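A, B and C label the chains in the order they appear, each numbered from 1.
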Amino acid sequence: MIGAVLQVIMVVGGSPLLLGLMRQVRAKLEGRAGAGIWQPWRDLRKLFGKEAITPRRTSEVFRYAPLVLFATALMVAVVVPFVTTRSAVGPVADLFAVVALLALGTVTLALAGLDTGTAFGGMGASRAVTILALVEPTLLVAILALSVRVGSTNLATIVSSTLDDPGRVISPVTLLAAVALLVVIIAEAGRLPVDNPATHLELTMVHEAMILEYAGTDLALVELASAMRLTVFLGLLATLFVPWGIATAATPAALAVGVAAFAVKVGLLGVLLAAGEVFLAKVRLFRVPELLAGSFLLALLAVSASFFLA
Amino acid sequence: MTVTMVAFGLALGLCLAAVLAAAVSPPERRSLVVGVGTAGSGVAAVVAGVAAMAGSGFSLVLPWVLPLAGVRLALDPLGGLFVAVVGGVAAVAGVYGIGYSGHGLNGRAVQALLPGFVAAMLLVPAADGVGTFLVCWELMAVTSLLLVLAEHRRRSEVGEAGLWYGVMTHLGFVAILVGLLTFAAHAGSDSFAALRSAHLAPALASVVFVATLVGFAAKAGIAPLHAWLPRAHPEAPSHVSALMSAGMVNLGVYGIVRVGADLLGGGSRWWWPLVLLLGAVSAVYGILQAAISSDLKRLLGYSTTENMGLVLIGVGAAGMFAADGNRALAGLALAAALLHVVNHAAFKTLLFTAAGSVLHATGTRDLDALGGLRPGMPVTTALFGMGALAASALPPGAAFVSEWLLLQSLVHGLPPSGVGTAILLPLAVAAIALTAGLSVATFVKAFGVGFLAKPRSEAAARATESPRTMLAGMGLAGLVCVLLAVAPMVVLPGVGAVAGGVTGAADPVVRGAITLELSTVAGSLSPLLLALALLAGVVAAAGAVRAVGARHARRTARLWDCGGGPLTARMEYTATSFAEPLQRVFDNVLEPEDDVDVTHARESAYLVESVEYRRRVPDRIERRLYRPVVAVVAAWGRAGRLLATGSVHRYLGYGFYAVTGVLILLAVTR
Amino acid sequence: MNETLYVQLLNLAAGAFLLAAVLVLWRRELAVIIRVFAVQGAALAGIVAVLAGHEHSAELWAVAAGVLLLRATVLPVLLLRALAGAGTAQRETAPLVNVSASLLAAAVLTMIAYAVSKPLVDLAPSPATRAIPIGLTVVLIGLFVLVTRRHALSQLVGFLLMDNGITAIGFLTTSGVPLVVELGVSLDVLFAVLVLQILTTRMRATFGDTDLDELRELHD
């Protein structure tokens, strides 16, 4: 139980910092001073102090989408063994359920975008669900590759089996699955080269187009939830492929190590991602399927490798 | 006299009574009487089906009803499951039909056909002999065909849809007829029990299986035999669409399981990979067509093809595992498939009836002309949203649970398998995943574009809520959807027992009341806790927001419009534009037809007066596969017209020549 | 060498070898493709080196060095030089089948390769033979590139991919082709590339293009 609480605190409190860290790294690499890693928190505080605005003729979908988006990210933060594998909620949800929950978040946001009835909202929703639909095969096949040799899709089981046999991490199966998952996670989290989180140019927006009409506390919630989703995605990658440090016992020392390891791993991944983004431009929307087809191929190779090399 | 037999008899009796009542009652009471009768019959059928699944089946031979073989009826757990599903759909359709039939569908014939159709569908899974099965199957086909044609005076497309349906369903019937009669001839008896114990040569068994597979797949709307489905289901009255799409197509699956796994006992190795491949192709192709369709009911029809494809993936995987000797896993895969049948029946009933309400209120099914239905039709909107969630394989939805089970069976089937399985299973997982992703896109489109945002036409803006009986029918279906989504354990043990009975798996497939635990392999999921946690998360977030940012109240304001005046509905994304990226991504598969006409101004060829752009996405399988066949048939028809000169004497002469010719042939060959 | 380390290194090298073939399909710029091809040559040399380390064979070490020299340096340099002379029109590969579809085709080819080579692997299961499907996949992908690319230069890359795959299979099945044979094969490949390079240069000088679709006109 304490593990789950710790994870929630880490994800909710740490995700804006992760975002700030990534922006700061980018700024430094591009020769700018940067706003500091606390800037996302300052933005959130400002937004939470402002009134939310509901456009006329929008329905409950628009009203409650930020809450649902936030709730899905929160649930994933509880369910995935980021800090400890000793969790009481282990049997409730497995890797498939986690993926489906994250997809649910995207869907609610897409519906909210459509609900506004603006051209931008519809455009963002259309693009987001297109990417979602294409991401899904890679995600599930990569999960298949990871779970076949463990014989379970339960996250805690996958993590502890990797902890028991560290040599697995540099096997072709794991590496191929890791690359495949990295690509789709970048696509799902709306990072370069699939979506540019810093743009408001109509031709390139995906995520931003869906949330244009949100203001005040609603926007704050959406921004926080998006940051949490990024953290959760990177955390998932770290948990599945670099599980060291995750507590397998419920002692305070082990939990402390788990928390520190989680922060370091996700921070490092974030820095690497941000550094990589400096060298990337956003690809055209219709080149994205190529990227995803490639990652699907890698995931399929991972499955066949797990079957034939084992 | 078991409870099953009483309830089943009651169900059939109520149908019969409703048929008679439709014929004699006055027009203003007709739909009420028929609706109540059909709904009551549905409830009785659910009771009978559930009782049969619990093990108290019956078997009955009525030698005097039909000539030659007589009627053999029996309800075993497998049949019971399908009787219960059909009954559930019929209960909803009956209640819904009371209000829906108000305008134009109140004719004596249409009203009498509806309970007849239900009775035929209830009889098919209860048939226990080849003759009985074929008669019931044909009865079902004919009644449904006539119901599809109910509105043929109002819309010309109905006639074409009926023609497609009539031809394809009868070709399918011929295939089943050939298969089952061959089977019965070699088994030497009509009854299913005799067929079960008969040992066919492998080649002959394969012929029987393939012939019946063709017929049953055509009924289930499996690609490439799906062409009738997206035509007939949208054109039928909506409660009939629900009965067909949620009830009748399942019987195709029933046929495949009954003949392939039960009567033929598993058979050759290559059957089941074939079934799985058919399923995978149908799932992906069906949902792809649904994703780009902008006709609400056509979209739902294609989604039926998709879901039947998913079911067949499960059936095929179960057959493959059983052939490998892995009975426990086969039970799991089949249980997943059957659970998906149940789930699909629930949410497709809800979606078709809700689509019917929209049609009732606005007079259109075109998503590009809908939108903004939330203020006028709040209940329908909420119910369609629930159905869409259930259909899109996301938690907390019903389809998520069955697809999760299906994926679990595939994941655990990989390690000890052979090369063929090792190649097929990952592809099947990928197909399921792509289907899941595309179905999300499809239903976001259907719900988001069809119901939310601003109305795109006058009719949509004026839409008002449907009559109470329609809402009651939809509400019933919605309730079942919610139940299946959060508490699948209510039905799973029964479904698992049915699957275990067919595949010979000894253990129960799943156990646990709240957390669903797979008993033979590792895996667990708790749909109820997931749903509750989601609710708790939403409440917690709402509370936290209120606590943190309570300084200003929420304000309603005009949509930001860049200062250019209010945004109009023409600026919205339509269903077509929403699906455009997907259509572009799958360009190679769909092969859309683009057409650009540029009209130049009279003064100069360099000035453009208007540009007209048309795009059609025809069904590619249909174009490639059916058009040549239809062309050949049409050519034959033209050739045949040479024989018809208009002289009655000549026609009578043809008959005379034919009869004497056959007699001579018989005399010579005997 | 430690057995598990040997297996892991071999798998890694084989994985990189396959990944390079996939990247050839994935990327469009010919310059990048040629560099990827160089990486693949290095991965092939890696496979040979791992085998050499496992068998403690000086001969194999020499072959590994030779493979590295030829396939990771000489051939890519030759190709890059041909590219430099080819002008801007030739920078991208212009495939006949679009990239997503060819990646999916590669997925199917992999599956076929695995299915086909399964009996072969079962004859003598060992870490080395288990990687045979990878070699076969690379051969098939090479053939696919050869079929679906327009420019002569990218087809050349396809041909070289095939050759890499065949070489890999040779080493993985026998754990060492005799040095003389390997030398002969390498020399053949080198000559083939040189001849093709001269041919493409001539073609360009004559027709101004090496788009093979245009060669169809020579037929009439």
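In the analysis below, a contact is a pair of C-beta atoms (placed from the backbone, for glycine too) under 8 Å apart; a residue touches a chain by one contact, two chains touch by 3 or more.
This is a predicted model, so every value here is computed, not measured.
J.: In terms of CA centres, which chain lies closest to the overall middle?
T.: B
J.: Counting only C-beta pairs in contact, which chains form the busiest pair?
T.: Pair with the most C-beta pairs in contact: A-B.
J.: In whole angstrom, what separates the CA-based centres of chain A and chain B?
T.: 35
J.: Using mean CA coordinates as chain centres, what's the gap between chain B and chain C in Å?
T.: Distance between chain centres, rounded to whole Å: 49 Å.
J.: Can you list the chain B residues in contact with two or more other chains?
T.: 422-423, 585
J.: Please output the residue numbers of chain C that touch at least 2 other chains, ranges allowed.
T.: Expected reply: 98, 100-101, 111, 114, 118.
J.: Residue numbers in chain A touching 2 or more other chains?
T.: 289, 296, 300, 304, 307-308, in rising order.
J.: For a test of understanding, state which residues of chain C touch chain A in their complex under the given definition.
T.: Its residues touching chain A are 4, 8, 11-12, 14-15, 18-19, 22, 26, 98-101, 103-104, 106-107, 110-111, 114, 118, 121, 130-131, 133.
J.: Can you tell me which positions in chain A touch chain B when the two form their complex?
T.: On the chain A side, the touching residues are 48-57, 59, 61, 64, 66-68, 70-72, 74-75, 78, 89, 91-94, 96-97, 100-101, 103-104, 107, 110-111, 114-119, 121-123, 125-127, 129-130, 132-141, 144, 147-149, 151-154, 157, 212-213, 216-217, 220-221, 285-286, 289, 296, 300, 303-304, 307-308.
J.: If we count contacts the way the header does, which residues on chain A are in touch with chain C in the complex?
T.: 167, 170-172, 175-176, 289-290, 292-294, 296-298, 300-301, 304-305, 307-309
J.: Would you pull the chain B residues touching chain A in the complex into a rising list?
T.: 291, 371-372, 374-375, 381, 385, 392-395, 400, 404, 407-408, 410-412, 414-415, 422-423, 426, 429-430, 432-434, 436-438, 440-441, 444-445, 447-449, 452-454, 515, 517, 521-526, 529-530, 533-534, 536-538, 540-542, 545, 548-549, 551-560, 567, 569, 571-573, 577-582, 584-585
J.: Which of the residues in chain B come into contact with chain C in the complex?
T.: So the residues of chain B in touch with chain C come to 419-420, 422-423, 427, 585, 588.
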